[in-house]
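Two complexes are shown next, each including subunit A; its partner changes from subunit B in the first to subunit C in the second.
What follows is the complex of A and B.
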């Protein structure tokens, strides 16, 4: 991991520029994602981290064009491999899904259709995007199951999802997502619903396939441990905004935003001496009730009048590091590295 | 699967026994059949003689066991009215009932599935409101009234279809439509609500994330899941359409089991009533069994439990 900070960042695959989402309710317009900009580079794993309700999932669904009907998505740019997603017709965007970009979800138990065999669900996506015969699709599907390390793939092809464990189903989901070798895989909390031992296996598998398939991954998680394990770059989101962006090495070495520090302090460490686990006071503000100024100020132990007054910008304060905090320099001194 | 089927069939036996008991008792409390069988000026002694000849003077349980024994061998006695075996008479009526019920059910399904899906896809649109409204009406209007309205419109006013009777496909149209309206009205809201719930499932999002067309998402991934409860309702409709369309068959003079049952009841032709009710019960049980088999075919999760 130490090596990564020195390596040059690769070519940009996904460029998200000022992404905003709006939900119209009866009396007002809510904004779950606000001015979110970031890049995913080829072959990199970008971790997006934050508590529930921070707009992580909404960001990923916006890129996929899978937001619910009542949500409006606006962005200056959503560029994937040079294609402007915001300018595509519904049909063109649909054809990108499953081919150029794919997604796996949090709940492997419910993400597969219970009434269709694994074989059907896997060959469906292959046949949708490729001119292949049923037999060729079947062979390719079996091959995919082998790649995600499912034992007895020919047998599993004929099984229904209920015959498989959660971990196995998530492997199938990964196989479906990667079947057409997309350049971007969005993984929305892919291991949250799994046992800890299985989590590590799935993360390792994703990391391995990512290299093999030359796919970039956008990994959404609330678990900093997962980020530390597999991410190259990290985006920390809070209340619909990006609050910090850094390489995983820099982030863990020196978190700049009080929220990032709070998240790190609230993970259990091996050598923890105190009995009580640190937590961040309070909860993520609701969309309908955003505080003025810095959105984190009500929960921030370092908030001043200036923080309550004006929303801080997301600024590049150090080379390759952005943070949305006016006091980062005063606070970010001490190290919080895990390693 | 085979074991499950055997179990299901064995479970039908006690149910059938209970039904025979109920049928037997119902018919026995319905009144004295000898009143209708003899001329009005017959004496009490004549009636007593007839009761003895028919075995009606024996204790109830003896009569029941006797009835059961005969039932097992397919002997339900003769129709008082036609002097022919009741079973044969009833069975003769089955084809006409099956023809009518089958046509009605097919029509109902063909109508209900697309309308139910469209209603769900365009929920709360004018189309949805229209379909929902019509299906509420369809459930609220009694069959005989719908039948009479259809006769008035198509047979009397427009004079394009026969009023009643049987024999040609044209005769089948009005009674089948009458029954189909009611059946479709039961199925449409069921499909609609199932589809609405299913469209929020995670696997629908997965299907969309694969790049599947919305039509594919709806008609393949969602529809198959919406089908399971529909099978239940269709299975419940089958017996009520074959044996239960008493009034519709009577309104249209359709020579089916339902009409036959009504006539038998009016004539106090008790052995025919018993056979008809038992036949309807058996059809109900078989339809439920079929539904269970179809469940297994649709939903793999049921197979193992």
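What follows is the complex of A and C.
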């Protein structure tokens, strides 16, 4: 089964190789992202899951080249479509944004400039990377709004953002992000601020557009349900590191890392008989105070002396599956999670 | 319309589509009494400034030795020909106040344009780019801040051996830019973190476009409010300089200069100094009222309410 998943994967679009970020403070250097390596393949949806503060957003900002000034980004490679992002000038990087890679954020309510109409903002985006007339841009913009399933697009083009609901605005943001057909779309918690019913619509829309536009999506979320819904491949992050990587099918069928299992157990299940929800004890360790050995050991119910002693490597333990745990084989045996 | 607005508001709402409704700014103006007062005063002063030759009954510089130091018309011994009396050279004070509005408004508005332009430019640069540029610009504003503005203007005017309207505009403008630089910088700092600016960055918008399209229009309302108040401050600054003899020179007429003349006659002929003083006070007050009202009008939190 796992073999089969492996062979189906497509051409690599984004290659992240040993990404590290550093924050210099007065007395020491903190490392919010540590040795993160992964690939996003063409037309694939990669879900990145983890609790707040695990380095998900920092990873995506590093790819976009939008990290705050006090943060240093280092990587062996950050290759997007064969271009080394770390070696690009400010200007070249800016030209990549929108055209090759785009990003949508959590807050659709504030992601649009309140002073301009939807049409203006969308056509400006199109004209940014394309030599087209205003009229052509306008027509393409209407087309985009149709693609993101906005009713009466001609009418919405003339509206100001305050006239639209959160779901509608997120659709507009998706239209803006996809307007120049980027090959990679990074979506940072795109549905967190929306109603549950709207969430599903937006996720479905993104998945559909991904196929239509042949775009790869990096979906950052803390919600395993969202991942199960739309992701093809999943990266589980904890305290700045990748702790598990697998296809969505494998991951939910058999989570190998105790943290992944913990996350799954702390989601509500329909047939749950117990009153109390399982939780993972404790909190994500602070950057300034990382435990020795495995970073998850203080919260791990299965931690041993060996776990506290040495940091486990991220090892490919089964074909197409990587896990950062020395005891995965003893623990990952029984089936867990959703079917 | 005036009565209509309050009494039939509910009726109008019930009637559905807005018919014959005054624009929002007018309705808000009517509701705010101080705003209305400010609006009226500023309008009157502007009309004085623009149409001075048609409004003023006399040539403001016509010397009339026969009618020196006449009291205002409403006082005993007053002359109906001179509404607000005459000064020591027999100038009609009302005519001079009307002409004085020209200088006050001209210098007030133009120096604010100068200050606003310089301040906005530096504020945008400091706020958007941050780092060393920000540090330098902010230290310069600190340095400016440490010296009282009037003193700075005084020194500047004496250095360029002042007197001309242009000199005053430039000097008052240059000494006033720091308010803008600081205000705009702080607004930019918060706008920069707003999602729509970040979203614009992620689709590859160049810095120039982000500053001009996404940031500048969003600082506009604070800019307008501060500018209004700055006009009042500039008018006061001009009057102070003219009062001290370093501002507008005769034959140009300035309220500050009139005050300065009147000072010598305060004990015997109080109106010579008091009339331009009242004009100055009312104008500044009017502009302040208008500024406060504008702030309410442009406040986005107020947009939803009527």
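FYI, the second predicted complex is superposed on the first by the 332 of 339 C-alpha atoms of A that agree within 3 Å, B and C clash if a C-alpha of one lies under 4 Å from a C-alpha of the other, contacts with A are read in each partner's own complex, and residues count from 1 in each chain.
Keep this in mind: a residue touches a chain if its C-beta (ideal position, glycine included) is under 8 Å from a C-beta of that chain, and two chains touch if they have at least 3 such contacts.
Source: prediction; values computed, not measured.
Colleague: Evaluate whether subunit B and subunit C can sit on subunit A together after superposition, giving fit or clash.
Modeller: Once subunit A is superposed (C-alpha atoms), there is a clash between subunit B and subunit C.
Colleague: Quick one: is A:204 in contact with subunit B, with subunit C, with both, or with neither? Answer first, second, both or neither.
Modeller: After superposing on A, A:204 lies clear of both subunit B and subunit C.
Colleague: Touching A:69 in the superposition: subunit B (first), subunit C (second), both, neither?
Modeller: A:69 sits against subunit C, while subunit B stays out of touch.
Colleague: Check the residue A:160 against both partner chains and state whether it touches subunit B (first), subunit C (second), both, or neither.
Modeller: Only subunit B is touched by A:160; subunit C is not.
Colleague: Taking the options 5-13, 23-31, 41-49 or 59-67, which segment of subunit B carries the C-alpha atoms that clash with subunit C in the overlay?
Modeller: Once both complexes are placed on chain A, subunit B clashes with subunit C in 5-13.
Colleague: Report, in rising order, the residues of subunit A that make contact with subunit B in one complex and with subunit C in the other.
Modeller: On subunit A, the residues that contact subunit B in one structure and subunit C in the other are 64, 66, 94-99, 102-103, 105, 107, 110-116, 124-125, 128-129, 173, 176-177.
Colleague: Across the complex, what residues on subunit A touch subunit B?
Modeller: These residues of subunit A touch subunit B: 64, 66, 94-99, 102-103, 105, 107, 110-116, 124-125, 128-129, 160, 162-163, 173, 176-177.
Colleague: What residues of subunit A sit close enough to touch subunit C in their complex?
Modeller: 64, 66, 69, 94-99, 102-105, 107, 110-116, 124-125, 128-129, 173, 176-177, 179-180
Colleague: Spell out the part of subunit B that touches subunit A in their complex, as residue ranges.
Modeller: Going by the criterion above, the answer is residues 201-203, 205-213, 221, 224-225, 298-301, 304.
Colleague: Which bits of subunit C are touching subunit A when the two form their complex?
Modeller: Listed in rising order, the residues of subunit C that touch subunit A are 130-131, 194-196, 198-206, 209, 213-214, 217-218, 300.
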